[in-house]
Each structure stands twice: as C-alpha cells, then as structure tokens.
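Structures follow.
Consider the two complexes below, in which chain A is the common component and chain B and chain C are the respective partners.
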Partner chain A sequence: MFIVKYIKNIFKGVKSLLVGMRRTGYYFTHHKEIITQQYPDNKETLNLPERFKGEVVLIHDENNEHACTGCTACELACPNATIKIVTKFDITAEGKKKKALDKFVYHLELCTMCNLCIIACPTDAIKMDQTFEHSVFDRKELTKILNKPGSKIRDGVE
Partner chain B sequence: MFEEIGTTTEGDLIINVGPQHPATHGVLHLVITLNGETIKKLEPHLGYIHRSIEKMCESLTYRQFIYVTSRMDYLSAHINNQACALVVEKGLQIEVPDRAKVIRVLMAELTRIASHELWWGAMAMDIGAFTPFFHAFRERETINDIMEETCGARLTMNYMVPGGVMQELHPNFQKKVKEFIKLFRLKVHEYEELLTGNIIFKNRMKDVGVLSKEDAISYGCTGPVGRGSGVSCDIRKLYPYDAYDKVQFDEVIETAGDSLARYMVRIKELHQSISIIEQLIDNIPEGDYQAKTKAVLKLPKGEFYQRVETARGEFGVYIVSEGGTTPHRIKFRSPGFSNLSALDKMARGSKLGDLVAMMGTLDLVIPDIDR
Partner chain C sequence: MWSFSNIAGSIQNWLNQTFSPTWSLVMQMIIAGIAVISLFAVLGLILVLMERKVSAWMQIRLGPNRVGPKGILQTFADTLKLLVKEGLTPAGADKLLFNLAPVLALVVGMLLMAPIAFAKDFQLWNLNIGVLYVSAVSSIMVISILMAGWASNNKYSLMGAMRSGAQIVSYELSAGLSILTIVVLCGSLNIPDIIYSQADGWWIFKGHIPAIISFVIFIIAVTAETNRAPFDLAEAESELTAGFHTEYSGMKFALFFLAEYVNVFIVCAIGATLFLGGWMPFHIGQWQSFNHVMDYIPSSIWFFGKTFFLIFLIMWFRWTFPRLRIDQLLNLEWKYLLPISMINLLLVTVIAILGWHF
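After this line comes the complex of A and B, so read on.
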C-alpha cells in the first residue's frame, strides 16, 4: 500500500508541476497579453487621471488673474506646513485698505499630496496638477511661489 | 537581550538576519540562536523605521491625522484611514450617509484584494518562485488604476474623511470594477494552478510554523494568521462597521494552523472579497458622499476606540480627548506587531530554511509593526 501511495504521489506531483508550467508557457507564447508600459518612451501618450495628485498649483486664467483671497484656509488645513501665505494690503479704488495675496509659498518637498488644502479652499483657487516628475538638482528649487508675477485677484471673488 | 544570548550553551551559533542597510525601507532584524540548523530562539529587533506616528498625531487635528495612518500599513492604507474616520465619527456622533458607507466598503475590499495579491507574489518570491510575483502585480496594477482614477493616488490615498469620503466616485468606477472582477475570477484560478497545487510549494508549507489555537489567542494573533489557527476573529463579522452588516460573506477559518492554512485563508478571502464587491457594486445608494460636518472638529472629553479588519488583522485606534481640536493621546493597535510576536513560538525547533516560509505567511509590513 505504501508503495502505491508513494508512486501516486510522484505522479500527482509531476502533474501539478506540469499544470503550472502550462500556465507559464501560455504567457510565454501570448505576447499580446503583456501589459507592461515602456515608461520613458511613452511620455507623449501617457495619460494620468484628472484627479491624480501631483502637486498643488494656483489656477490662473488668461488675464493672469487668480481667485486666491489670502484667507490662509489652506495653510491651516495643511498637516505639514507645506503652504505659507504672505499677504499684503492693496489700496482699492475707494481708497480703502484691502488684504490681498502677496506670495503663495509652496514647499513641494514637504507635501504629501493629501488633498486637504484643495478641499479647504473656499474659492477653489488651487487644484492638484498631474505632473509627477519632481526631481531637481537643488532642494531650493522645490520651494515654489505659485502666484505668477504681476497676477492679481479676479474681480468679484470675495 | 545580550545576557540571554550569553547564556546560550556551547556550540550554539547566533546569526543576524537583516537589515542590509538601515536606509532600506521595511527592514526587520532577527537575532537567531541556532543549534546546527535548528532554531533555538528568535528575537525580532525593531526600531529601524520608527517615526513616532502616535506622537505626531497628537499635534494634528482630527482631519489632518488621518493621512499619517496611510504611512503605517501602506498596503491597507484605505482601511487604516477608515478606522480613523470611524473613531472621529463615533466621538462626534456623525451620521454617515449610506452611499459613503458602501463606497468605503468597496474601497476597503479592493484594498484587501490588492494587499493579498502583493502578499501572494512576495511570499512566493521569498520561497523561491519568481513568476507569481509578476502575475500578482499585473492584477494589482488594475486596482491601482481604479484607485488612481477615483482617489487620485495609488498607495496612500487619503480618501476617507470624517463624515464620509473625500470625493464623489469617478463615473468610470463601476464599469472598471465590474471588468476587474470578471477578469480577476479567472486570474485567481490561474494563481491556484500556478502555486496552490504545486507539489514543491505544498511540501514547503505543510506543517511548517504550526501555531496552535491557544497560542494564537494568547499572542493576540488576528487576521489570516489567527483564522489559520482556527480563531474566529473577523471584525467585519463580529462587530460590523459601515456597510458590512448588509452584505453576505463567510468568515474563512482553517484549523491546521500551519503555513499552508494561513495561505489558504488568504486565497479564500480573495473569493469572499470578490463576492462582497459583487453584492455592492450594483447597489450603491444615491445620496451624498459626505455628511455635513463643522469646519473645526472637536471631540468631546473622553475615550474612544474603534477597530476594523485590515488585510493583516485587527487594527484599532484609541483616542483620549480632552475636548480640544487635537487628540490628547492616540494609540494604534497594529495587527503586524502581535502577529510578529508569535514568530518565535512558531520557529522554535524548526529549520532555518523554513523561517522564510513562516515569515512569508505572516504577511509582515514593517512600517505597521514599527510605527
């Protein structure tokens, strides 16, 4: 009885190996089922989903205007002190002082892409961009000022 | 520790297994006392990637601390976030909309599948089979794409917020998940052909690293490790949270307690996860994806605890609140730590070559053990 069982086990074992090898052989001969992407070569055709969290950007329209009021809601929402809002006082047409955004400082090196600042923004002034290649030669380049030079707040945004 | 090593008898050999370099991620350092090739004692040394996450959380608000927990057990990031969101909701007594509950469960089960797949590939690679790794990662990639489309990230999603989920589901979500489920059913069959039936694999796993039911309970083993030893410890079944009380699924329990049993629990859990997703994907209720919450969350004074079932076992969040905007003290109960503590018990008396199989089936994620 022992011998029969022993030989049976050998045949079972060989069969199980062949079943696995058949699966490997299938993929060896079916190249079309390979889904590997040749990354640096397909850069032009690479489409990231629109929600992909790459980095924070301040949305500017064609008139170089943004919607940031400098309320610092994003700065308070950020867990890592990634965002620093520097405000200044503008003189309005009526001669009144009005708080406005001077510099939107963004430390990309501290950012964990948690999306909390985007949700906190009451005027939807910032969004996540789809860029993901953030390597630079100097760490200082990762500290960015998001508002473009000469940009100002859009009329009607409070 | 060194005194104990000093008491080893003559002829014993003490070897260090890992880490190769302190800067590599997820390193586990084991000090093993060997007699010939037999393991006499095994000591895990932790602390290589301690980031003091619990202390960090004390300075973050109840909205902010959720993202940090993705960095603990990064393979079940969603489920960790879910536990944190649930404990804040429990404290503030926020009523979560049904839609958000179902979305959370769907995401959690997708995460569980992704995690088990990575485990399957990595464990097979530990044992010496290289092909399964690529097979597992191919399907995991599909889940990652689904996550990327809806949550915006592949690994550390931060999709759960107190009161629901962060964003509405992507319009393609249902279609893509259905396609994935259809494909995945076939692929699980492939996995079983490749590895489960393999005679070499079976012989390496069977009766290796046996953990009895009593030991599993006394070491606090949960998840597939506990269930492989016959302990009924599925939090989804015992203490249902979110929408788990609305779905039908079986708690997978194996009684052998060896490595093969733990392996089978995870493979069967893949089927259960598929069935949960199939039940819910067509029945996502309409409504809000997030409950209306105050801008500043303040938990009332007291203690709050919530546990969930991650891919590795029971994950608990314990918060002591003094009534402020940040937690006074926070404690995470991670499944990996308890499961690792049972490794010494399993390994004693077995051969050094079997240790890899035991560690593979424990499914250790080091950042989870070493917060």
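After this line comes the complex of A and C, so read on.
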C-alpha cells in the first residue's frame, strides 16, 4: 500500500541518518581516534600506517647480495617508465654466459607509488620503503641506482 | 542579582537623568546598534572556530591548533587577513548590486536580532507579532543571495543563486508551519509571551509527539534556509566553486560568511525560544527544590546554552550528511516535510482545542 510504503520510507531514512550521526558523534567524543600526524614535531615517534608507500628499494642482505635476476618484469609492469633495468652477462663457473643485473635505474620523480612493480617481481627482490623525505635541490638526484656497488645476485635465486 | 535587564535598566535611567528624552533615545539606539554589531563580531569569531573544531573532531582530525593556545586565535588571524585583502569588483559586474548584496545580507541578520529575547526581560524590541516578524524578515535573505548571484555576471554564481531561491522559498513553508504549531499551542505571537507560557515545561515536552515532530521539521527546514550542508546547493563548492559568492573577495566575502553564521545563530535562537523555552530554566512540574536550583543559573546562560546546543546539532548535520541533489531537495520538501507538517499542525490544533497538552 502506498501510505505504508511512504511511512516506512520515512523511518528508514531517519534511521540511516541516525546511524551516520552516531558514527560522527563517536568520533567527536573519542579524541584518541584522531589519526593526524603533526609531522615535524613528532619526527621521532612518527607512526606511519602499514600501507604507506614512500619509495622503491632493492633489498640487500648483509653479504651485499640481492635477489634481482634482471628479468625486467618490474620494468614492463611500470605504467610510467619509472624503472629501467640494464643487464650484463656474467660468466658462471662452468664457463656459461648468464644474464645478470648491471644497473637498476629508478626515477623517483616519475614514480606514483602504485606498487605494481612489487607485485610483478617473481623473486621478491624489491619492496616499498616508508621513507618520504625526498626533497633535493637538483632533480638529477632523484634518479637513483638501486643496486649497491659491488653487489651481486644471491646464490640459488633463478 | 546581576542580570542583563538590570544593566540595561540602569543605563537607561542614567541616560534619562543626564540627557533630554530625545537625546536619551538616540543614545540608546546607538548603544543598541554597537551592542548588536559587537555581538555579530564575537559570534563570527566563536562560531567559525567552533565549526572548524567540530568538523575536525568529527573527521578524526585535529583542527586549528597553531595560532594561540589550542588554536583559539585562528579566527582572529583569518579576520585580519580578510580585512587587509582587496575587495575586488569584477569588470562585468553590476557594481551597485554587487556591493549592496553583502551589506543587505548582514542587515537582514541585524533586523532579525531585534525581537530575540537574550535573557529575562532583555530584548531590543518587544513587539506583539515577534514570531511573524522573524519569519517575514528572514525571507529577505534570499533577495541578497539572488542579488549577489545576478550581479556577479558569472554562470556559477547565477546557478547557485537560483538554486538557493528555489530552496529557501520552498523550505520557508515547512519552517513556517512548524513555527505555527507552537503559536497554536500557546496562542500568542509575542516572544516573551511564548517564553512565559513555558514556565512549567518547555513546549517540546508539553506538546507531546506533534511538538517533537515539528521540532525536527523546524531544524531540517532552517538548515535548508541557512544554506548549510546537507542543503548547501547554493554554494556546492565541488560543483559551483562557491555558488553565489564565487566573485566576492576580501571583506565583502567576509560579510557573506559572517551573515551565514549570524543566520545560523538567529534560527537556532528562534528554535530555542519556541521549543526549548528561550531563557526559561529547566523546570519539572512540582519539584520545587529542583526548580529553585535551576533558577539560580542566570537566564542568559540558559538562552545561550540552548542556542549553542542547537547550533552544535546543525553542525553535526553538516559534517555527517552528504549533499542532496536539487530534485531530492525539492522531493524532501514537497512530498515529505510539507504534508507531514500540515497533518502535524492539524493534530496540534486538536490538542490545543481539547486542552490535552500539559
């Protein structure tokens, strides 16, 4: 019936509005929920959310070894050409030529922190770091080479 | 005991003794004008800060916290900034109307201050049709908005102004009808009479459910009339940049901004007067000792407490609900609020005739 539907509509509308007002009322009275970080003041105790993404880093272990095979999956996954992989050929113990990473070039100024390269990496060699103080005086400094000098691929990573 | 009416009375006596009656009247008018203007300034400063803090806490933010202790001087700094900024008039604008509109908006606010009872026996103008006066004068507001929108020579401004016109004209109906329910219940349009009729209980309690319904309708309608979210289609910053005041800058913009907050204060004061008893303390029937304790709280504190409670309610609406579309807005008014308030008025009339209210 029309009138029943009409009255039901009103009660449904009022109820949904009250649900919203309850939520904001809860936030208004519970100041511990505030998520604002007063950044320069709390530099030491900065509490970044887990999913905050700052820049791409190549993970190196204590022997200066990484897991990058130079497969360029990250380069292909990147939507705006942030990553450029330069490969070289190593000579293995058996005298065979093997493709390996020479330079992992990362253009921070182009990166949108979309995380697609991390997902694409088959060996989990790269990850998103939470550092975010990236300002520099020359934009050339934003083009980084992620593999440390003298680093090589970890044994057993294919 | 210290009270506003005593201060006003002693100033009047002193003026009458010192000057001739004519000059005394002129002086009183000047003092009243200065008082209203300074009340405007204080209200602007307090309400803007309150709005920013309330919105911040509701959105899990901190809000202004840098200027002064806990950020309480933020609005002073903003006002200072607006004062020194240039008030630009666009080249294609109608100069007279463009500059007149913000002043008119503020003058409407000033006119509406006249019949409001701020404390016991403390009122600028005690006229016998106070409620009618308020509902009549508050509709002049739409003219200033239309004026601003039209004179700006800007499509966004004009659109915002037209939306605002449709909105205010339609919501005035249900606001008027919900005001009428209280007028029917107490049988007077005089604001002190309405307040004195609530000495044994506020109308929202005495009038049973119809009074509560009309209170809810009143709050919704005045939120729409003051152009505040969820009914801020006139500004709609995500669609029309700033609606009717897109082209305004500096102090002219500040006047619109101030007029908005002053209007919020006024409609909340009217709501507090009609439904929550104005300056009348909270009394429960025959509990003499409880009533005496309540009487010790000054009447001005009761009035401002109730008004600020309603202002908080309206701010709560603003920072919770999403904006309505123009068709939803008119649907809500013509299909829901208006029929409900008409039936409600009928119910209240029956209650008033049969004397069923307390």
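Definition applied: the second predicted complex is superposed on the first by the 119 of 158 C-alpha atoms of A that agree within 3 Å, B and C clash if a C-alpha of one lies under 4 Å from a C-alpha of the other, contacts with A are read in each partner's own complex, and residues count from 1 in each chain.
In this text, a residue touches a chain if its C-beta (ideal position, glycine included) is under 8 Å from a C-beta of that chain, and two chains touch if they have at least 3 such contacts.
Treat the numbers as computed from the prediction; the structure is a model and nothing was measured.
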Which superposed partner A:L108 touches (first chain B, second chain C, both, neither): neither
Which partner, chain B or chain C, touches more chain A residues: B
First (chain B), second (chain C), both or neither touched by A:Q38: second
Touching partner for A:F52 - first (chain B), second (chain C), both, neither: first
Which of chain B and chain C A:F28 touches, first, second, both or neither: second
Contacts of A:G20 with chain B and chain C, given as first, second, both or neither: both
Contact residues of chain A, present in both the chain B and the chain C interface: 17, 20, 23-24, 35
Touching residues (chain side chain C, partner chain A) in the complex: 54, 57-62, 316-317, 319-321, 336, 340
Residues on chain A engaged by chain B in the complex (per definition of touch): 12-14, 16-17, 19-20, 22-24, 35, 48-49, 51-53, 77-79, 112-116, 119, 128
Chain B to chain A touching residues, read off their complex: 60, 63-65, 67-68, 131, 138, 141, 148-153, 156, 158, 161, 166-167, 170, 190, 193-195, 197-200, 202
Contacting residues of chain A [partner chain C, same complex]: 10, 17, 20-21, 23-25, 27-28, 31, 33-36, 38
